[in-house]
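Per-chain residue numbering starts at 1, and chain names A, B, C and D are given in the order in which the chains are listed.
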């Protein structure tokens, strides 16, 4: 990121665009001029759709050429414009911003990645990094329905390579033989065979889901200081100047989005904070 | 790509909001170039049949025929925007909602029996779904240009959701309530006009209607401290957006 | 006393300071009277200053009236101030142009002439320092830094405290200790001038002045002491900790019933820094701009996320504002976000008083 | 000759919603109706019980095209009722504001709503394609009018800065002075446009109108004067109700105003005929160059009179702007008391008359508002019948257009006709 102009986007081009379902797409980006700084798993960029607006979008990985990838769900004008982009389209990018998943610090521990919905996108690079050690990571992913499971192909590939993958949906569809219910139901099987004290957990998804999951994990014996959550708040600048993303004393953009559970457990129980 | 089509419709109103479109002197020809003005009787004899990409609807619903007509307009409009205090809150004519209509009609018309009108004046949203509302009596022409520009760009129009006070402070306008003790509805009124009244030293009379979550009770308690009696407080709330729920309820408790 | 007073001088009035600054090419900004309030504007000479006028301030109340004749600075502060210069209410961040697929950006900085702030009160000096810190944390805001670097500050120590002032309890006034180039103290018919920087010292050296005597300095110190003693409001001690443990205190419901959520307090506050951005396009659709403008934690859309506003109630919004100001600010920037200027009290249309709300939340100070 | 019916269900290029219907039989025009179907809005009734100060702002909402007319008539009526007189500086600023409305409204009508008729075009956007310079000049002039209203009134539609006794705040002299160069330009632009329009091919028509307008011994009337006519009427504004009556007609159900038993005409043709001598030399010169005499009886040529009035309004505005002294205080305090007051000013479309009776707290007991269009309505109907009769040789489409023109000649502001309601007409 250009330190002199942190509010000025870098001109980027969509190198490839991949549909991930009805309203979700993954964009791989490359700079048109200059270079992009790498970015760690868990960090995010501010993506700018010309004339429409900016949205905070997590890194969902880098391709073989080291180009950043972003998986975006169309929920409003900006994200609709971004997900509609095709290869060659130009956009602006600022970042990376925020804290990342502390992947390296979990060496020797078993990592549990718990993702609700699109929350799998920011977890993907952490899962890929941890999976370099065979058996080091398990994945729990919940979605509204079977057809909204994210990265379905990749999930099967991970499972095939030996990463335990637990899937659940809120609403089953014909042909679905898997679990139905929240991700909490996946936790006992995912923890089975592991010493909870030696498990670390990365959570990303809707706030209610993360709150319940963190609570369940710590009840099961996973140390609260070994659980991390990726929080979401309104965000306009990404660098702690606009004030929008405050979460108690933390700026989600700067002190987060990845925050340690023991630090925010009390806040998670407060309404409208 | 075909230019998007625009239609302008009128219900009970003063024409001031649609005039605001013609008052965009600097942008008018560019707008007419970027969109096809398909139906705008105030400006053109030409009328192209629907459907329309964008319908601007001025005025409130006050007659049985109009309550039907708005449904046809909705059916022909991809995007329907209610413009002005009449279309978004019922307008000044909604004062009838608080009175006896027959008495009112008899006061103006020698033969009130010729009239076929509804007992209330209601906003467009009371009859059909509305996509966007531009507030104000009249609307701000800057907001109108912004609406058209945003529609063309495919983004959400920038329409403030905060109180009038924010515009005053940003503009450096001294608060007329604090500095002069004048009653001002600015704190409970939606921003967007450009703090016109306080800028000339006058308390806001609420023509943009209540801001979301307006604390009208606290506002009127302050008016009472400033020396307004219950009837004055009620009349302050009962003007161009009188029937907007927050103001209507606030007026009920007073006078 | 620190070094500033060693080189102190006295002058007969502020006119020559303004004249000197203008001669040196500074744009001089000062508080002037406009429409019943003090506002900061460029001035051509000291004649524009509201000499002999004072502001009667109270909760939700301000009237400019005649004060002791001839006194230059017995008024206190207006609703706006220096914030609107260093952190403008609306500011273009950059523009972008589209040609076919190509999108190019341009963030040419806006011109900013070298600017002298004339008559900055101690609380506002502290407020400028607070914002300096906010806008330089992390990657910071280069546009703010660009403006700030070209600002010279002439402070004025307060001879009169308004009933809304509580700087003494925040440790920010009523005497300026640092952060100024020159500081004036108005005694009877003459001014003690202290210097706080080499630029200030260079200016002071060119004034038509005589060295300050021990008596002058003692009189200036006594003035500040008196001003502190006459302050009737104060912030309860330990409020930062109090708020940390009070998120569910019933007092929040009480203030929420009175608060209009109008945002005046945040916008008048000299340290509040929240902003929003908006994307502007023209009718061709090929030119876009990004503007930043003041925002407030009281705004309905401030905390909007996918499912709606996180802080939907006025209770939550007031709690956010006050907790951030008086407590979280310590965690974020190592100091309080409040400097005790009292603007939020005076310019709240319904007169909500942050010190009184703080007291309502403070267990230690609740009267038995 | 077979029976013909000419119907226009929704008149275009007029403010508000109206319709015309003509029945033509073997003996000529059998019936001509000009109907107004604005829903009634009951202004007089909803003013009852309100404070006097509410009347100007509320009645402003009768019409977004000529709000200053309503505001000024209401303020004058209230000042009369409350027994206050404004200072010359306040009066001058009022007239300056009113000039803005004349410029804005007249240019809108003449160049954008009326001119297309003479060019055989549907609207001003089509003119812009053929004669962009003309439309650009018109927009610039119109903007000048709006800027006057914004600088003085705070906004162009429903200004906020006026009040009983004057203004809330006097505009900064610098802002008024900044308008001077554009006003200087405006005078010439209005003259050029008048002469340009003088080249239109005007249909031959003439009527022996009763012209009613304000009359003033010294000045062309805008916001000042007595009520006079070309048939010898000369009354104070307070006597209006004794000479003019409104009646409700079942067919169209608009309230029609009558002078005695006969229709009469208000608006530019009337003002011009009754006050020609009060125009400036330069305006009379423009009129002559455009082929206008001291009286113009062809309603199709009212577009020229309107443009001469634009030139006059620019000249007046320039004079007032140059002599601007901010009124201090900006308003005369009007204490509340009982009383009755009348106010009458020249809206662009003609006289707009208000009268109010107040109780001793200054609350409105009764209100009567007579806007220009309801006064002209009967006359417009007569015009319609006459014009149709005169151009019976035209085919239906051409006759329809000509009839529409007969209405547009009078720039009817149907929104003003608050006393009207709408018969069932299926549209959309």
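Brief remarks on what is shown
Note that a contact is a pair of C-beta atoms (placed from the backbone, for glycine too) under 8 Å apart; a residue touches a chain by one contact, two chains touch by 3 or more.
From a predicted model like this one, the values you see are computed outputs, not experimental measurements.
Pairs B-D and A-B differ in how many C-beta pairs touch across them, and the larger number is found at B-D. With centres taken as mean C-alpha coordinates, the chain found closest to the middle of all protein C-alpha atoms is B. Subunit B and subunit D have CA centres that are 25 Å apart.
Between subunit A and subunit B, the centres computed from C-alpha atoms are 43 Å apart.
Each chain gets a centre from the mean of its Cα atoms; for subunit A and subunit D, those two points are 65 Å apart.
Subunit B and subunit C have Cα centroids lying 37 Å from one another.
Under the contact definition stated at the top, the residues of subunit B that touch 2 or more other chains are 153, 155, 201. Contact of a single residue of subunit D with at least two other chains is seen at positions 169. Across the assembly, subunit C contributes residues 35, 279, 281, 285, 288, 301, 312 that each touch 2 or more other chains. Across the whole structure, chains are in contact as follows: A-B, A-C, B-C, B-D.
Looking at the complex, you find that subunit A touches subunit B at residues 51-53, 76-78, 80-81. On the subunit C side of its complex with subunit B, the touching residues are 34-37, 39, 60-64, 78-80, 84, 89-90, 257-264, 267-268, 278-285, 288, 293-294, 296, 298-301, 312, 314, 346-350.
Subunit A contributes residues 1, 3-9, 11, 13, 32, 50-54, 75, 88-92, 232-234, 236-237, 239-244, 246, 248-249, 251, 254, 270-273 to its touches with subunit C in the complex. Those residues of subunit D that touch subunit B in the shared complex are 10-17, 38-46, 48, 50-51, 54, 57-58, 61-65, 67, 108, 112-113, 116, 122-125, 128, 132, 135-136, 139-140, 142-143, 146, 154-158, 160-161, 163, 167-169, 247-248, 250, 253, 255, 404, 413, 415, 419, 421-422, 424, 427-428.
Subunit B contributes residues 10-17, 19-20, 22-23, 25-26, 28-29, 32, 37, 41-47, 62-63, 65-66, 69, 72-73, 76, 91-93, 95-96, 99, 103-105, 107-111, 114-117, 137-138, 193, 196-197, 199-202, 205, 207, 232, 235, 239-240 to its touches with subunit D in the complex.
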